[in-house]
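Alright, structures below, take your time with them.
Presented sequentially are two complexes of chain A, the first with chain B as partner and the second with chain C.
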Partner chain A sequence: MESQQLTTLTGVIDKKMNRQLKQYMDICARCAICKDACHQYVGTGDFKYLPARRAELIRQIYKKYFTKAGEFVPALYEARDPDENLLEELYESTYACTGCRRCMYYCPFSIDTAWILSVAKSILIAAGMGNEMLGQLADAAIFKGDNAEMFEDVMISGFKEIEEEVRQITGNPEAQVPVGKQGADVLYVALAGAHSIRPAAVIFEEAGENWTISMFEAANYGFFYGDAEKARLITKRYIDEAKRLGVKEIVVPECGHAYRVAEFFYEAWSKEPMPFKVSHILEKVDDYIKSGRITVDKGIIQGKVTYHDPCQLGRNGGKFEQPRDIVKAVTDNFVDLTPNREKQWCCGGGGGIVAMEEFTKTRLASGIKKVEQLKASGASVLACPCENCRLQIEELNDIHELGLEIWQVIDLVVAAMPLPGNKKAAE
Partner chain B sequence: METYLYITAVIGVYVGFAVFIIGMGWRAYQWATTPKSPVKLGMFPKPKTRVGRFFKLMKDTFIAPQSASIEPRMWLFSFMFHFAALAAFVGHLRIIQEYPILPELLGEEGMNAFAGWAGGIAGVLMMVAVIYWIARRTFGPFKQLSVPEDYLLLALLFGVIIMGNHMRFFGHGVHAETYRAWFQSLLAFRPMLPSELVYSNVGWSLGTHMLFTDLLFIYFPFSKLVHTIGAFSANLVRSE
Partner chain C sequence: MSDEIKVDLELDLKGLLCPLPMVKVSQNISKVEVGEVIRAVATDPGAMADIPAWAKSTGNEVLQAEKVDGEFVFLVKRVK
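Presenting the complex of A and B:
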């Protein structure tokens, strides 16, 4: 292969090299215990989706260019150049990966395949093979950050519309969706679309929270795309905003990766300590319920309710109990999926895969474990925080005719709150 | 026979040992001097205290309960192999220095009989595990995932074990004492091969046992077997 391209691609590995990556490259025994941990491999039976195989492609380059043994006897390790064949398979297996890290959970050496694939994404981007859709979405978000004033009017009029709805639901003519409020305690960084703002606003207003809404979204396609710099710039939009407003706390929406980005990645990308407390909205809501700042009634939500742990929120974010406690506060008829919490199956919709049409077939096939779990639970209502999970499970729900009602957790909460707007909706 | 043994059971031991120690040291040095990942890669639930993290690390490394839950059969054979290998290692220490207490309790013959049973069981368990691993790599995704390194290591292990078993089961009359004379001479850098060993029916199997052992030790630091030390820090990252 061309020497310049080779230098670039091996240079990427060199730049990304750290102790964990090096160890993961050196110690994998190819025991393939990870095989049955991966929803995509289990759902499709396609070898390229076997977690150890995904990592093996990077290992083949590593062995050849970063180890003496692989340099002298490449055949022993099947070490090879990052040529077209390798990059094509790498593209398929890397961008399909939802980053759920279930393989890491079961690996006897805790090898983080998703971390290896973050290096794979850097290689693909350097080779001009980054996923276009994710790249465009990331660039659009950065553009919005650089030209915020262009979007201000339309954003504010959108917030005003939501404010009207919040007033109707709460029956409080003073209720607000505060924009750019100096001295607010909480900056809520929502997703694009009223659905992630309206219920949150109802809850914040009812809890008497001193809050304000961000002009930016918490979703981070730079993270999915695999470009740490883009991901940093996208996150920085609301970090700067929070600094400007002088808030104490950033609250991210139900979205799983947004929480992980703010809580675990931003410090490493920006090389500065996160100046704010980062909370997930369900932590806040759980706290409001337990401290009596909001009231929820049981019995409004009908049917057996179950809960899906989004991987980035559960296994990778550590929020197992708060969302469950919220769901249990609105119903006595709760059933957990099996397995659950850290062993929870990935729904198949994470890692930005729902935005990439080329992976639709893989994505839907990989949902089979989730479908089995949902069927076995006998539940008729699913509380599902992460937006990507919800899009995936809604599609699975239609295809497999599961007949599930699928709710955001904050929507469940608002529905269970004794509010005049809810009564009107019920009449 | 003497030349063969001189190469594998004298020179080979020195070379194998030196390559192993220097290679593993170099590998550990490389890991230690490469900066840690800037992102914390731990997963939940994670222990909150240092002691908790330590115990989780030990549990994950020595018992791997998660792996056991997802593929019990593979776990069983792997656990069996590692446990038997540890037992075999401990048993081999007898050729450096006789154990205290135990021989006094059992008497010399009793001790040899005990070593025969214990070593025999460990050798058979290891052999069964390695055969399972080889068989597992002959089909489906396991075969597709395997690279020559995997088969080479299994072949070397198989050679070491089967020759060890041959000595154990057919080396009548050759006991630890004889092997100790040979091994202590190596430690004293005055290598000597006892003639009752060289010209016994297990002379050639010792030579071949050592041939495979030497090769395994030489290849060890350049292979995936570095997981013997790497697994600890990789598993620790899980709790960070």
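Presenting the complex of A and C:
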């Protein structure tokens, strides 16, 4: 390895290693408890996916360049250079990780392997080995932000089409998908697809919310790619929009990482306080139901219903009860998966892995714990508030012939609302 | 317009939700040679912004992005 590149890569570690990460470098006891917590290791049995092994690659470089023992007796302390072999293994183990942090939950020292792997992503990007697909998706989002006027017409015509559907469903010819509404209380930052806007619009309109739709999507591939600056720029698109419109609250859609980015990471990336309240759409919906702003009927959703906690919303976002309360409001036939909440198994589809074709085999094998849980529940309907999780579970559903109906939570809510459009569909 | 342009790869992206249509175009662009064209048909309106933004930021070219009978039809030329 050229000395210039070595300096760059060790410089990345030097810059990223704060006290907490240094502690993680020192304290792993190699007890391997984390191995049984990682769906990817359990599903594949592949050593490179063992959480402690993934972190060990960073630890080896750290020992070589940041500890005296590793510098002088590298063989004894398993200290290594970030050579081609190490970087190749690091790429595989890092970009495959879904960032679910289940390993951290079970680790006796709470070592946050996903955080260590965020350092690994910075190293890989500096070495020109960042994942190309995630990088492209992040750049496309930044391009949309820098050239918003180029996409305005096409976005607005899409919103108008959705507005027509909302009017049919609600039976309200005045219902709107408001665009660029100054003085709105809520800016809803959806995903790019109509499926994320339509049911939310129905609910907002029925709840009488003073809302407006964002011109940008909440998904953030800069976060998955591992580049904090790209991730900040992608988020900043809707923060600036929210400032322009003078809203009080930003509401993010059924997307696990979008919630975590807005609620927990943006402040750290931008080094300024988040100027708005951030809510997940399901917090709003739960509140609308409990306060009587919308009405849902039990009995419309047929069959036993279960719920999957997306890792970024549940274990890493702390939102366990509101989604469950919503599901229980639309059915008396709810059954939880086992285990659940903070112990919930990752479905295997997070961290941007569904966009990376090279990990398809690993991804599908890693879903086996989720398949077992779903089968054991005996449910025929799954409510799942994350796009990546749904894509993964839909594929598992087909392969393992689970026969599940898989729903967004807000779609379940709209289906359970006494709306003229729903009755028409049922007739 | 599409009648005049030779299509080298057809992608059926109907039913896929955004950003998957953009992901699929990106995954498949290396399957055609530089100068060749992918024809992609999507049904999610979000693709009308996503695919052109992806093309611009990766230096590829969208020759056509049109709504035809409720579907969104793209002709994407690999430039590099």
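Note that the second predicted complex is superposed on the first by the 427 of 427 C-alpha atoms of A that agree within 3 Å, B and C clash if a C-alpha of one lies under 4 Å from a C-alpha of the other, contacts with A are read in each partner's own complex, and residues count from 1 in each chain.
Keep this in mind: a residue touches a chain if its C-beta (ideal position, glycine included) is under 8 Å from a C-beta of that chain, and two chains touch if they have at least 3 such contacts.
Because the structure is predicted, anything quoted here is derived from the model rather than measured.
Per the definitions stated earlier, placing chain B and chain C onto a shared chain A by superposition produces no clash, and the two fit side by side.
Contact with chain C, but none with chain B, is seen for A:H195 once the two complexes are overlaid on the shared chain.
Of the two partner chains, chain B is the only one touched by A:G314; chain C is not.
For the superposed model, the angle subtended at the Cα centre of chain A by chain B and chain C works out to 140 degrees in steps of 10.
Of the two partner chains placed by superposition, only chain B is touched by A:L50; chain C is not.
Look at A:G299: by the touch rule set out above, it reaches neither chain B nor chain C.
When the shared chain is aligned, no partner comes close enough to touch A:G246: not chain B, not chain C.
In the superposition on chain A, A:K35 makes contact with chain B only, not with chain C.
By the touch criterion defined above, A:T67 lies against chain B but remains apart from chain C after alignment on the C-alpha atoms of chain A. Put simply, more of the residues of chain A are touched by B, taking chain B and chain C as the two choices. In the superposed pair of complexes, A:G208 makes contact with neither chain B nor chain C. The superposed arrangement places chain B and chain C with a least CA-CA distance of 27 Å.
Touching chain A in their complex are the following residues of chain C: 17-20, 22-23, 26-27, 44-50, 52-54, 56-58.
Per the touch definition, chain B reaches chain A in the complex via residues 27, 30-32, 34-41, 43-46, 60-61, 64, 66-67, 69-71, 74-75, 78, 141-142, 144-150, 152, 222-224, 226-227, 230-231, 233-235, 237-238. Only residues 17-24, 26-33, 35-37, 47, 50, 52-53, 56, 67-69, 75-78, 101, 104-112, 115, 264-265, 268-269, 271, 314-318, 320, 341-342 of chain A touch chain B when the two sit together in their complex. Chain contact summary for the complex, chain A toward chain C: residues 133, 136-137, 139-144, 147, 150-151, 154-155, 157-158, 161, 191-195, 217, 219, 355, 357, 387, 391.
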